[in-house]
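To keep things simple, chains are lettered A, B, C and D as they appear, and every chain counts its residues starting from 1.
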Amino acid sequence: MDKNTFAPRPPMGWNSYDYYDTTVNEEQVKKNADAMARCLKPYGYEYIVVDIQWYAQGAGSQRDMFQYIPFSHLYMDEYCRLQPDPQRFPSAKGGKGFGPLADYVHGLGLKFGIHIMRGIPRAAAQQHMKILGRTETAADIADPSSICGWNPDMYGVREGEAGQAYYDSLLQLYASWGVDFIKCDDICNTNLYPHRPYSARHEVEMLHKAIERCGREIVLSLSPGPALLQEAAHYEQYANMWRITDDFWDNWPLLKDMFSRCEAWAPFVKQGCYPDCDMLPIGKVGKGFGHLRSSNFTRAEQRTMMTLWCLFGSPLMIGGELTLMNEQDLSLLTNERVLSMLDPAIVPRQLQRTEDVALWLGEEAGEGRRYLAMFNLSDREQKVAASGLWPGRHRLLELWTGEQRALLEGRIQEVIEPHACRVYQVVE
Amino acid sequence: MDKNTFAPRPPMGWNSYDYYDTTVNEEQVKKNADAMARCLKPYGYEYIVVDIQWYAQGAGSQRDMFQYIPFSHLYMDEYCRLQPDPQRFPSAKGGKGFGPLADYVHGLGLKFGIHIMRGIPRAAAQQHMKILGRTETAADIADPSSICGWNPDMYGVREGEAGQAYYDSLLQLYASWGVDFIKCDDICNTNLYPHRPYSARHEVEMLHKAIERCGREIVLSLSPGPALLQEAAHYEQYANMWRITDDFWDNWPLLKDMFSRCEAWAPFVKQGCYPDCDMLPIGKVGKGFGHLRSSNFTRAEQRTMMTLWCLFGSPLMIGGELTLMNEQDLSLLTNERVLSMLDPAIVPRQLQRTEDVALWLGEEAGEGRRYLAMFNLSDREQKVAASGLWPGRHRLLELWTGEQRALLEGRIQEVIEPHACRVYQVVE
Amino acid sequence: MDKNTFAPRPPMGWNSYDYYDTTVNEEQVKKNADAMARCLKPYGYEYIVVDIQWYAQGAGSQRDMFQYIPFSHLYMDEYCRLQPDPQRFPSAKGGKGFGPLADYVHGLGLKFGIHIMRGIPRAAAQQHMKILGRTETAADIADPSSICGWNPDMYGVREGEAGQAYYDSLLQLYASWGVDFIKCDDICNTNLYPHRPYSARHEVEMLHKAIERCGREIVLSLSPGPALLQEAAHYEQYANMWRITDDFWDNWPLLKDMFSRCEAWAPFVKQGCYPDCDMLPIGKVGKGFGHLRSSNFTRAEQRTMMTLWCLFGSPLMIGGELTLMNEQDLSLLTNERVLSMLDPAIVPRQLQRTEDVALWLGEEAGEGRRYLAMFNLSDREQKVAASGLWPGRHRLLELWTGEQRALLEGRIQEVIEPHACRVYQVVE
Amino acid sequence: MDKNTFAPRPPMGWNSYDYYDTTVNEEQVKKNADAMARCLKPYGYEYIVVDIQWYAQGAGSQRDMFQYIPFSHLYMDEYCRLQPDPQRFPSAKGGKGFGPLADYVHGLGLKFGIHIMRGIPRAAAQQHMKILGRTETAADIADPSSICGWNPDMYGVREGEAGQAYYDSLLQLYASWGVDFIKCDDICNTNLYPHRPYSARHEVEMLHKAIERCGREIVLSLSPGPALLQEAAHYEQYANMWRITDDFWDNWPLLKDMFSRCEAWAPFVKQGCYPDCDMLPIGKVGKGFGHLRSSNFTRAEQRTMMTLWCLFGSPLMIGGELTLMNEQDLSLLTNERVLSMLDPAIVPRQLQRTEDVALWLGEEAGEGRRYLAMFNLSDREQKVAASGLWPGRHRLLELWTGEQRALLEGRIQEVIEPHACRVYQVVE
């Protein structure tokens, strides 16, 4: 199996976190899947991902005090494998796990993904629970000094055969459910350990091996960021996506900051290897967090975000509730000209970046497609100019507006509103 | 209660760690207490301290793999309070805890101390066990993100009334046992959290308050080091001793390094407030670690250590097994002239320190006692000189040898062997 | 000579920096000296200190671009010793240096101080200028890799006899002028070198030795801060004052922050050894910086500042222009009750500090004076309480208002305005 | 001009530093050029580079005290442009600079390079010397707070038109001499400033622009390392080579360490963009340093080094004296099979790395060349195995020995001596 073929283009889909936090339920997942099948599937969106703590009883019920309730009841089977909370996911009853829900999603022509925390439940280690097919117990493979700094559920797993057997058993179960995508958390940057931020390196390898052994093509996505540049080769070898930023939200400084992250990671975008800019906070977000709102991003900022994500080649995971998208939201997400850039054949490259301006190119090998994006990163309208572009005479198509422009002698100049962009394809 | 009166001079005693690691048992503690009562008590030694994991079943039985067995059985009562392992401490059976052993030690005219890890057992949090006198449970007061980096037993306790009640219940129990000294670990420097090394500051305060409330004069000793200079005032306010170094062993670079630590901490030595240089690895040490040996320190280095500890004013906790001390060991520990410096009335001050030499003074206010110590920190014999000392003509007594010398015009010069010292008292 | 006798109490005086930046001239210095002699001398103020770049031609003339003009002309004698700019200090003509101005200041019964940068002029090194009494030149003793990060004038001086000779020649000259106080900059914390912040440690020692050799009692003050706690013993041995903060200005967060600095440094306040909170930005300040203003501190904040500086034992160097002080400014600076705390016999100690409150005690040994200060650090009026104070019944005198209060059972409580304080002396 | 065409393959040549330190002279450069033309040119070696301080009078004459004599005389023209020391480079007399020597080198069919320190001579700034074509002087463009931590010659140049004019004048001069290659130092990582290690970013841009303006294709090489991964895109845009390590010498830990550096930088190797592993210390080295020796590397280590440098795509700059190479040295440097890997068309990729083993692939796009290198990084002989290689049946040619092997099912295993390697090309 070659993990680079599991997702030949950057994964596109929806993730429950930005809207539901820890609280999403089966009905809500299905409704979002329905909405995706109806409106977004034709444009390439296909993953429906259930984010954190689907296994935790009462998740979200003490939101004023805790995002994740400490020492709360986690559903699991006899082999320490977490199971969906049957209150929220009734179809999981009887040990069926996410099988029925995955079937539903597959029935719509979509793919099904889940979030996991790296490691093994702390409760399982404390109770010396069994590992499938091994004499060792959870107490033997759990590393009591390896925890997540922000979620209380798990211990990291030690390197070794027994630990691998645990991960193998996990993936075997997920494969039997029909899982297509795993977002594993507290693994890309184990930020509790500032001097060893990639302390779970061996768990990435174990997950990768377990995926290979399970026989199902499961995309592996690593969180949270920022991913570590010096570990780029390792991510590339073992994972499909890795988060290059801490949680991204609808806040301009975070978006502006993404330009430097994308600059650093651009050389690592390849088929099957996607540095990940995180979810798109578009439409309605924040309900589970107690801050239900329409995205704080202006339309200009939303275009800037979509343009950067697509040209750079980031996965496109929608964070907003799909059933509440309005026309403008949908048109933003489904502009086929813009989405055409989301292709590993397009090589992204930042031409220039200052406090005020960013210029990016995307070019296909040979005589292929060519794109230019110009971003006004400043807080005022200004002229943005690029030069030294493709020589000769060309016609450019602005992808958001459909307007055309001439490119002469490789120079172009535009007046652009604050936080806005222009993105052109060379059409002639 | 004024905690500064609990130990008017730096505590002197024995601690089980350097010889037994986690394995010491009742019989061994008693034998050491007997030996102390017989040979050391006349010189001021009085504390018998049982170090780490007296509550852990099978402690030390997997020493090739773990110093502290993860998720092993910890004896505790219904209120999450750890109890002595009854296999190793038979007198603890029937809920008597360390009461009988403390009685035994008291019967010898000595004092009894125990080691604790800050926090509440992880197993208790997982099982939502009760807190004495509260409706909250262990799950409510345990902080799942506050762990020790090197010992798997506990979670830190959150600030608040319920957490205070837990510490109060702990001290109430210890007081009922007759505990005189608590060495609390993972609290002076919570080194798993390099950006928040005093993250358990509130637990120091809670311990202090619990001691005040328990009505017994219990000395509070904080570990491990290095203590943080910028927190000196806090240690001073709430504790009696705080470790200024990570674990100290019989190794010259560690001893040489202690001179700079003592230099920085000298201003903080006062009655009831003792920066702590850690145990004295003298005699036989290392058995529980699988490295039984006579101290690697030469006799010269041992004198250097005793001289620095005494003049500086560090607590004197013997690490070696007392029943195996030889005459030379004992004479080192019981030199009354040297021990006379161990008095908060003597103000220590480093005069000079280079790579090769250290000079220290100890002076009593008024016309009191005056001491001078000269240390050869280099690896070869050399002349060590001091000048600018007390003017006029004086007679000096070398405390280790009893030899006398004249001090003229405040100058003295000696040829000193490598790693050795001379320590003088002004006698006239 | 014992440097601890040069300034038996924390130095009090005026410094030209806060008002004049680099531009002060002879006339202005004299006017400030006159004002001090008239109004402040009776209260203990005595030092008149000329701050940075008195030797630089055109200092301050390019203030929009540079605080310190790079490679500008520095007046110096043939032995690399900087001389006052004769345009600004006409009495210095004819090689008389600061002699005449010092005479003037002395004539008023005051003391005279100057600022210097550690090291030797870069221009002198480049030109291989002579060192008095040595065959080596400036090029031999200047360390080309030791510079100040914010001032372009000097190179650090290498350790060794030739370097010592240079510092000796410097102090010999200053002594001949009648200098009583030297504020040496870029030496307490060489902050260009974050990994070696005390890289000029040897220059502190050389300065100290040069002062001893010059035969004049010259107070040595080290800047800038923050001083390094782990070097406390070194500052104590070689200097009289050391800055515990970077430049302090009339800005509440800086003042609030000073409480934690004073907490850490309180144990180091002794006769002749003064951790330094920096100048008092009171009255008119900022003219040379292009921001002439009355101090941004409210009256409440100014009292808080004076109270902390005095109780802690910081030197009191006035930053505002003395000729422009109004009655309120003067009354703040000359409250004899408050100034009575500024005495190394009073031992300062912080009792408590939170985000909102600070409580400090100052106590004299024996049955001496006792002070309590209560600070409201929050931004709203609140009750501030202290308990566990001196037992029995006492009468307290509030030092700013003269009001009296009873202290019963060691408890007191006051409603205090935001950023304000109460400071009491036990009078009975 | 497209800087990526200046050196279509990683530059190969000789650099005077490893053997001569600062002392090389014209005769010695010529002898090395002669030797290169005779023996190495047929294999692609072509650059003759004169390393540091060719402009400094008496360079190397105080080697026991200084590598670079502070404030020594530097030859320069009236526009602050450094000139070769005429004692060592007699042909430079009469203002001819390196013109005659470059001519000599060109006459042999080779290319000529020089080392420079970024910035402008400190002496020039101090003397306010002229900038060609500007009214500003050296004092205006020199930044007095921007120095090199290890070399005393220069100040960094401020951003701006006058600074650009200086760099332009520099490159104009170098171009007139016929310089083909510039190794600029203290620029890739300005390590005196640990918090701003790329503080000379603008000087890289100015140098690049000056090269474009000078009209000559001059390769730009940046030193010292380690280069900063997060600045990869910037190096790529403005330079041809950048050092990924601090100075490399004949010492196994440094060589072993290079594997992780190459792993991180492999994605950035492209035509015209060469992460640089530094000079090859082969043959005789160290004379100018007072440590004349034959390379400390064993033959096995030398092959490991050459294999890694070539497969990775590092420039190949010989450090040893060319006139003293023996047959074994030359055969190491001129193995055509090994050198065939040194081609940006070969994409390097590390397959695996542990403490003991490294496996690398080099593959050409399409059906191009394929290489496999297996390294034993441990200190003992061991079996090294690779699997998952190209499927089917292949014949492999070992490039150093010419031996052949079969590759079946993508697996291979070899017993390899300590620190040695095997490198195979797929030949069928």
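Quick note on the criterion: a residue touches a chain if its C-beta (ideal position, glycine included) is under 8 Å from a C-beta of that chain, and two chains touch if they have at least 3 such contacts.
Bear in mind that the values here come from a model prediction, so they are computed numbers and not experimental data.
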Quiz item: Measuring centre to centre, with centres taken as mean CA positions, what chain is farthest from chain D?
Solution: B
Quiz item: Between chain A and chain C, what is the separation of their C-alpha centroids in Å?
Solution: 55
Quiz item: If you average the CA atoms of chain C and of chain D, how far apart do the two points sit, in angstrom?
Solution: 51
Quiz item: Cα centroid separation between chain A and chain D, in whole Å?
Solution: 40
Self-check item: Per-residue overlap in chain A, given as positions that touch at least 2 other chains
Solution: none
Quiz item: Line, ring, star, complete or other: which one describes how these chains touch?
Solution: ring
Quiz item: Who touches whom among the chains?
Solution: A-B, A-D, B-C, C-D
Quiz item: Okay, in this complex, where on chain C does chain B touch?
Solution: 229-230, 232-233, 263-264, 266-268, 349-350
Practice problem: Sort out for me which residues of chain B touch chain A in the complex. | Solution: 70-71, 122-123, 125-126, 128, 139, 142-145, 147-150, 152, 192, 194-195
